[in-house]
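Look at the two complexes coming up: subunit A is in both, with subunit B in one and subunit C in the other.
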Partner chain A sequence: MINTIAYGLTIGGILYIISIGLSLTFGTMRIVNFAHGLIYTIGAYFLITLLPIARDNFILGAVLAVLAVVPISYIIERFVVRKLYGVSIDYAIIATYAVVLIGVDLIKWIWGASPIPLSDPVGIDVAFLGITLPLYRLIIILLAVVIFIGLSIFFKKTMVGKIVTAALEDKDAVRSLGINVDKYFAYIFVMGSSLAALGGVLYAPITSVHPYMGSMVLLLSFAVVLVGGLGNIKGTFVAAFALGMVMSVTGRLWGPAAETMVFVVMGIVLIFKPIEV
Partner chain B sequence: MLRVKNIDASYGHAKVLHAISLEVNSGEMVFIAGRNGAGKTTLLKSIAGFLTPSTGSITFDDSSIMGLPAEKIALSGIRYVFQDKRVFSQLSVKENLELAAYPVKVSTADAIQKVVSIYPKIEKFLNLRAGSLSGGQRQILLIGRALIGNPKLLLIDEPTEGLAAGTINDILNVLATMKGKVSMLIVEQNLSVVGMLADKVYMMKEGKIVQEITEKSEMTNKAKLEQCL
Partner chain C sequence: MTTEQPIIETKEATIQFNDLIAVDGVNFTMKEGEAIGVIGPNGAGKTSFFNLLTGLFFPTGGKIFFSGKDITTVPPHKRVAMGIVRTFQLVSVFDSLPVVDNLILSTNRISPDHESRGAFFFGDAHRQNKVEQCMDALKLMGIENKAHLMTSELSYGDKRKLELAVALSLNPKILLLDEPFAGLSDMEIGEVSQIIREVKKKFSFVIIEHKISHIIDLVQRLCVMHEGKLIAEGPPAEVLCNAIVREVYWGKEEGLTCSV
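Let's turn to the complex of A and B:
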């Protein structure tokens, strides 16, 4: 059972790191960004390419992979997402899905379609309460908590954070003060995308890297965002770990239902707490 | 200062404003009165840059501002105080002021001082969440927030709407304190308020200005104003 909990927390940690960016962009820009899953995938592929350059130093490779994603996410924001502010949500779905299709084909062209395995970068197990757990998973859980605390401080203490918090509530009122909200949305988009890439980087050694790895994660992330609340940092944190646990426990009882149960929980939450988009 | 000439504005295919023209001169307090749906808020939104008129012109200090984004219009010296007392409820009162001070490069201390000078009681609420303020306090916070950076013109939408009589007096005192120091274009349905403070009144009906009133005796004649609606 402890193993199941540890697995649930790992999934929760990864889901949080990926979902928080989606939650912020969805919450501020009201953009349903399918390209978020692509960025997650690209992060993992960049890690594969950059690990040899980093002489197999995982931390350096991860940092380089996340940094390499920044210009790509900026291009997506500048030339696709920025054109979609204020227009119907349908256009955002179609446009960002088109980015995914183009991106996945490019990935297949550059890296091929076959899954690429990566080994555990830490390779150490820790034993407690009579079970052994990979240290790498504990690091992921810890990192998710550190990111949560860091983002909470960022949104409370920095001017960019306060502007985005205000814009989440009332974008036009922020503009009426003379603040170019779109500029700050671009920062948040790039920050959220970087976190998605970090999620891909961290999850790559646990699963195999393949061109479609972002699809299911994206759907799970949408579930986290809808359960946690748009742009709600604390809500997203709680929802990610709760749904990670739902996946883990359901997977232990009946494997094929693990992901389905996440959407069942999402449906139940939405019945009692519908959201306004 | 502000010259609006023959503007038309629409939401999709629904035309809301028809050939609207008005002027606000330096230091004037100008009111727009009219029933719900007359197009008053749409007119303010058109001036503030949240809606682009299809025809006509809007100039501010002899420069065209029509079609400029709202944030640029705000930085040019026009501040829009929205209807419905829309403070940033998740932020503290102090943070609301800090946010308004940031784009105009005013220190938070100076911003607070500015608002305290028009409404000293706000000093007690600085660390409270803006969402916890009463309707009147929110309205004063919004007006104070808009004053940071010394704008030349305030556009204020329904400042006394939904407020109790005592609170309305607080708002009127604040507006009276500002009179002559900053130009104001105020949408207001309460004709008693209009009569007390206005230098000029535009009466709106069905998206058109039906009368411009500049005589004080006519402005204070509530029955006469109601006839125009």
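Let's turn to the complex of A and C:
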């Protein structure tokens, strides 16, 4: 049972790191960004390419991979997403899905279509309460908590954080304060994408790296965003861990239902707390 | 100094949404220091006209000038920096922030010289010098003791005052007020119009209002909009005697009398 909980927390941690960017772009810009899953995938592939350059130092490789994603996410924001502000939400779905199709084909062209396995970078198990757990998973859970606290402080304390919080409520009112909202959206987009890439980097050693690894994660992240509330930092955190737990507990009882159950929960939440888009 | 250059001018300003022409060929000029009231029934295009002046919408036809400069396609945040400041019909303060933070956001565009832009935007937003500036603005409205409440805890009237404080702290050259009395009690209307009376000498302002009686002694000129068009303008007494205006407004407001 403790193993199941630990597994749920790991999934929850990863889901949080990925979902927070999606939640902020959805919440502030009302853009359904399918390319978020692609960024996650690219993060994992960059890790594979950069690990040898980093002499198999995982931390260095991870940092480089996340940094390498920054210009790519900026390009996606500048040339695709920025054109979608304020237009109907279906355009965003179509345009960012097009980005995914192009991106996945580029990945297959560069790295090939077959899955690439990656070993646990820490390789140490810790034993407590009579069970053993990979230390790596504990690090992921801890990292998610640290990111949550960091983001909470960022949004509460800094000017950029306040601008984005205000823009979540009313973009036009923020514009009417003389603030170029789109510029801050770009910051938030790049920040959210970097976190998605970090999610890909962290999850790569647990699963295997393949061109479509982003698609299921993206759907799960949407579930987290909808359950947690658009742009809600705390809600996303709670929802990610709750749904991670739903996945691991269901998976233990009946494997094939694990992911489906997440969407069942999402459906129930939406019945009681519908969102306006 | 007294040039005849209008502070704001629109030439055939038009905005069309699909089949609806919300603002239809409006020619509007305003001299510096003038106070103008814009009246008209619901859906007359008053707020859409404000949206054109502030850049939240770009016109589908016509031009907009500010101090002689063509600003037709200048984005809203740059117009605020030029001095075109507005309030909204639905009060637009930020419920999820503390009261004082609404004002801190409005100090954003005046990035202080002594700190780098990075430190300003990513550093602590509650630095002493910023908060002091904001407290002055709150004092003017008499809500300084509520500075550290969450905005959502304010009464509707206090939110209106906060919104006005925010607008004033943006150093307007021209202030556009969109129904500043909507939803207020009679007492609050008195307070808010007193504040407007006090500050209105400092800049030009345009005020949208349904109830003519609320603004008749605040403005020098009335503009009447109807179905997107500017149908009459002039001194209040004259406009209220205009036959077309009386037809549009007939029976809509008690006490609308023609004194001529």
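Just so we're on the same page, the second predicted complex is superposed on the first by the 277 of 277 C-alpha atoms of A that agree within 3 Å, B and C clash if a C-alpha of one lies under 4 Å from a C-alpha of the other, contacts with A are read in each partner's own complex, and residues count from 1 in each chain.
Operating definition for what follows: a residue touches a chain if its C-beta (ideal position, glycine included) is under 8 Å from a C-beta of that chain, and two chains touch if they have at least 3 such contacts.
Because the structure is predicted, anything quoted here is derived from the model rather than measured.
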| item | value |
| --- | --- |
| Joint occupancy of subunit A by subunit B and subunit C, clash or fit | clash |
| Which superposed partner A:A166 touches (first subunit B, second subunit C, both, neither) | both |
| Contacts of A:M1 with subunit B and subunit C, given as first, second, both or neither | neither |
| Partner chain(s) touched by A:I124 [first = subunit B, second = subunit C, both, neither] | neither |
| First (subunit B), second (subunit C), both or neither touched by A:K157 | second |
| Subunit B and subunit C contact sites that coincide on subunit A, given as residue numbers | 159, 162-163, 165-166, 168-170, 172-181 |
| Subunit A residues within the subunit C interface of the complex | 157-163, 165-166, 168-170, 172-181 |
| Sites on subunit B touched by subunit A in the complex | 48, 50, 69-72, 74-75, 79-82, 86, 88-91, 95, 98-100, 102-104, 145-146, 149 |
| Residue ranges of subunit C touching subunit A (in the complex, touch as defined) | 54, 56, 75-78, 80-81, 85-86, 88, 92-97, 101-102, 104-106, 108-109, 120-126, 166, 170 |
| In the complex with subunit B, residue positions of subunit A that touch it | 159, 162-163, 165-166, 168-170, 172-181 |
